[in-house]
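Two complexes are shown next, each including chain A; its partner changes from chain B in the first to chain C in the second.
Here is the complex of A and B:
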């Protein structure tokens, strides 16, 4: 008895599987090269940034141990809320950030505006000169400021004061109250704001070059003076750059560390402790990586919130 | 709140991937792999394990630079050469780690990941932290009767934590007072005797203060005990004897701190005293700006190199009624590893590095008084004699797991008292408010 011939196998060209396979092939043909190019960078990011960050986040809920850690829930975060040293560090960081960011943004904009009309060679010279602090070691700059603001008579600032019969002032060694904070903290802030904000000057310079000349010419026709042009043309049209500069400076200010570490070591007392200094102290001096991680993620939350608020306050649809 | 144990510390493992000093391929250590603990023994299986071992040993050394770039590095290189010559088959690799909190963090990371060294040098105040985590192999099984007879008993106690001796005690650098002879001579003031008193010290500090000269300078930052000398010599201690209670805010502690604050307010201490760093104190002494300073025996080499004429005295006698100084202890510790022979060999190296034998092989090896009776450092460095004489009067800081935190809460408050922002009593009470919870008070 012979079997009936088997029905020929046919594959429909429109099954869902083949449709997906076709799409994947097409997608890969169109975009594969691009993804291959970004793959190394993506892997680097995942392994060296995202993964440690994720682990660090988990660690912020643990009491760290060399061999094993203990899950403590929100204890690390709640402990920080009750910790007077954390309060002091947070207060110092806010004072430092508000003061320095405001001055840095203003000084960058004014300096960029002042050098913008200069001849090309002079403008290039000033841009390069102002950018020098950005390529100079932050530790070296802090060491120089430590000497300038040294409490001894041979500190440069005290030497200059003595020429006018004033001083000496203890500057970075004086924790006594002053203007809502203390002398040491204001001295550190002074050293920061007197260091030219290099990136801001360069960014504003580039943005100023993009503002059409005819806007200024039209304003001049209407009789606008230099100040009026600055206020009603330059400042509004620089708003997108101002947003960017404000955000990067805010992040930099909240992360201040090396200046404090070198100039004061966080002292006298806790007068110049900042959040990042505290994170370093907790992590590297106490080996308390759980609490240090919690401090770091609180700082991250604060910076993220402030950045969002700054985006909302300063965003604009300026086009020119 | 109910607490749950979590497996390995993830962030430290992550860090271990990043840090170049963590040698890949090293067998991860376990808590049970090394030799057990016990009382001091005689030469036994542990010693024979060490003798049988042939292979590599990794030695991490704070501040070491390869190729003998510094005096200390040269001493280390010489010690390695001497040891390897006596132990054919043992191949020692020395890795330098920065003498800083970051360097210590790297060491911690290596120990946590089980990829750390076979032996490392460490100050005794960090031993309890490692002891509590169980990452060290105690020396007890490797201590011979000769060792226990040779090591000064109070110094052996200085490495004891919960019944185990955690490391080989090497040396004790007590805090002494350096007097700049040129400044004394210029001021027409005689150098006092070793039994000088706090009152004499106060008077001298003020008498020697003049144009561009401050009578006294001390470092009062973290990770140091220099300024605590002036509280301890009044009879104060940071904690009570069983380390369960904060006691620095006692009458004696307040008196010592108040004296320092008065010196500062009188202008006998430099105006940056609250923020001055340790090397700047020494530099000021070398430059002739400070008439007296506190310092360990490690300063001798630098001062001699700079041709400074100086006298070393023990701290002035205060209400304690006798010479009292403070200090830490330099030790060599051996981490737990899976290979008992390798651990035994590391202990053998630890014994050698803390013995009189190494001092014979490597002249100048001891930069501070040794912990064994058989070692007399002043034979080769006469300036060390005053520090050797201070040894019986050294008070060590408490061996507790949270010492780094305790230390970090004390110094800022001392700075605030000295600068006049707080009274001495208030400052020491405030330090206590931070410290007491750590002690479970």
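Here is the complex of A and C:
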């Protein structure tokens, strides 16, 4: 039984000091190895996540200056509540998230269900084809979408529209109102929903493998068609994984950044500002650390609330 | 302590990563994870009527085409001569294909430097994850120590903290350490992560303990047991963690964008995003940049497909 070297100590007599030393030594023998193995990661999390978290909270009540910061109480938060740009960014983020998450969850469930009964070779092929875009940085995909949605007649999307006698549409450079938001924002959303939700497909595929086959067989003997089986067996039994997929996609959607940065730069005007884009601009373009921290915490509160609500709404005890 | 002559063990360990146990520990959403864990025959291999299969394919194939189309358009545009790229109607096929755009890219932008920066950052982060995540995963799987549950909750709970909340103070911290505009400043805040710790813990819990005990009897110390016995047995999980870390770090954008400012120090995604400002009228060159950034990861994916899909299934937190 060799443990890592215990604290060097010599035991000579049964004095109180040696008794303490013995206890320390025994504690170290029982716990030391565990501590040494978690230490690097634990330090990492403390320094780069928990310390910044607390620090950020303090910053959100300050007006930051590189020489000295002043405490301003709730001013940063109160300012945001009255700030139309913040409103726009929050509104855009909600529209973006609600629409993309709804499509992603639905599409990944349907795709996984369609892939599942295929022969192994086809199944592997489709999973790979669908996953491929997910290993590519969103920056590169967004760059292509920006080019496809180019406002000029040589832009591919406008060319396709012209074949139907429609367009041209300015897509990402058009801030005019459309469906409750604006054209530019919907164009960014379009590019997102046309990206295959790879993680969802993989997670749903794994979950489908766990649904007992006899449930479907029983349904078939009762004369259920494919849609009925999907509606009454697959969807309810996948509910736990739907909860999980919805939450991870909601968090991802709330943090959308690359797409906005590359495709529109938040514009035209503030038409496609999202919260994380706004935080990045406030914090790293204008070095307004206090306000940026307040923005971050407001978004944090919103994400946490929504996760809890989704968790409650979708929670169920499924047994089969 | 030769572990390689044990195909049975190897098989066991590979099987256990593809079939996470019902006890799979995601304390955040426990029900969500146990669902796929229930082993069952499901629909796999079930006879499907010809008609049903055709209907499925009629949906799946167009979706695959749409999903992969950006890559096609990226390549086509990159191969199209500059003047032809803005023709109406656009060329749907790369007819008079040329490598001019790629050549221009390598001449006018420090792409090779960006690629080597990306390689360095992604490589360092991968090594960090493999070592530190495995160590922590091992401690949580095997060791008993006071505060273990608290530490684990703390680490997994950090998943709930959105990245952007910690950006500003983390940047102040990095700046105070003198690491801004430095690749080390990109690497340091990513040197360990929850996904890896979690996956390693889960995998190591499924390993038999006999070998470790035997090694201890033979006089191996704690580090030797971990490094010589547990790590080799965990190779499938280590591979998954390594590949995911590498791809994630290679594709990372926001943090490198914040930390790096010199043109020569950028990583590929940040550099390529910069191209659209520097060469805004030269779309072919931008697309060539996107290809250079995307292709290495696509190759990696095609080589290690299995690890990617398993990784998503077990961790499900990325992408």
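The rule we apply is simple: the second predicted complex is superposed on the first by the 282 of 320 C-alpha atoms of A that agree within 3 Å, B and C clash if a C-alpha of one lies under 4 Å from a C-alpha of the other, contacts with A are read in each partner's own complex, and residues count from 1 in each chain.
The working rule: contacts are C-beta pairs under 8 Å (C-beta built on N, C-alpha and C of every residue); 3 or more make two chains touch, one makes a residue touch a chain.
Note that this is a predicted model, so its numbers are computed, not measured.
Colleague: Please tell me, clash or fit, for chain B and chain C sharing chain A in the overlay.
Modeller: Superposition result for chain B and chain C: clash.
Colleague: Of the partners chain B and chain C, which touch A:17 in the superposed model: first, second, both, neither?
Modeller: Neither partner.
Colleague: Thinking of the overlay built on chain A, is A:73 touched by chain B (first), by chain C (second), by both, or by neither?
Modeller: After superposition on chain A, A:73 lies in contact with chain B alone.
Colleague: Once the structures are superposed on A, label A:139 by its partner contacts, choosing first (chain B), second (chain C), both or neither.
Modeller: A:139: touches chain C, not chain B.
Colleague: After lining up the shared chain so the two structures overlap, which partner does A:283 touch, if you call chain B first and chain C second: first, second, both or neither?
Modeller: So A:283 meets both chain B and chain C here.
Colleague: Is A:156 in contact with chain B, with chain C, with both, or with neither (first, second, both, neither)?
Modeller: After superposing on A, A:156 lies in contact with chain C but is clear of chain B.
Colleague: If we overlay the two complexes on their shared chain A, which of chain B and chain C does A:269 touch? Say first, second, both or neither.
Modeller: Touch status of A:269: first partner only.
Colleague: A:227 in the overlay: touching chain B, chain C, both, or neither? Say first, second, both or neither.
Modeller: neither
Colleague: Applying the document's definition of touch, where does A:59 land relative to chain B and chain C: first, second, both, or neither?
Modeller: both
Colleague: Examine A:51 and indicate which partner it touches, taking first as chain B and second as chain C; both and neither are also allowed.
Modeller: both
Colleague: As a test of reading the superposition: which chain, chain B or chain C, is in touch with more residues of chain A?
Modeller: Residues of chain A touched, chain B against chain C: more for C.
Colleague: Just one of 7-15, 97-105, 115-123 or 259-267 in chain C runs into chain B once the structures are overlaid; which is it?
Modeller: Among 7-15, 97-105, 115-123 or 259-267, only one stretch of chain C overlaps chain B, namely 259-267.
Colleague: Show me the chain A residues, by the header's touch rule, that chain B contacts in one structure and chain C contacts in the other.
Modeller: 47-48, 51-52, 55-56, 59, 152-153, 280, 283-284, 289, 293
Colleague: If we count contacts the way the header does, which residues on chain C are in touch with chain A in the complex?
Modeller: 29, 31-46, 48, 52-53, 56, 59-60, 63-64, 66-68, 70-71, 73-74, 77, 85-90, 131-133, 135-136, 138-140, 143-146, 148, 151, 154-155, 158, 160-173, 188-189, 191-192, 197, 216, 219-223, 226, 247, 250-254, 257-258, 268-269, 272-273, 276, 283, 286-287, 289-290, 293-294, 297-298, 300-302, 305, 308-309, 312-313, 316-319
Colleague: Report the residues of chain B in contact with chain A in the complex, numbered from low to high.
Modeller: So the residues of chain B touching chain A come out as 1, 3-15, 17-18, 31, 101-102, 104-105, 108, 111-112, 129-130, 133-135, 212, 221-223, 270-277, 404-405, 408, 411-413, 415-416, 419-421, 434.
Colleague: Spell out the residues on chain A that touch chain B in their complex, using ranges where they run on.
Modeller: 47-48, 51-52, 55-56, 58-59, 62-73, 75, 85, 150-153, 168, 170, 172-176, 184, 263-270, 280-281, 283-289, 293
Colleague: So in the complex, the part of chain A that touches chain C is made up of which residues?
Modeller: Its residues touching chain C are 1-4, 27, 30-38, 40-42, 44-45, 47-53, 55-56, 59, 107, 110-111, 114-120, 126-141, 143-148, 152-156, 159, 194-196, 198-199, 202-203, 206-213, 216, 226, 238, 240-241, 243-244, 247-248, 251, 254-255, 257-258, 261-262, 275-276, 279-280, 283-284, 289, 292-293, 296-297, 299-300, 303-304, 307, 311, 315, 317-318.
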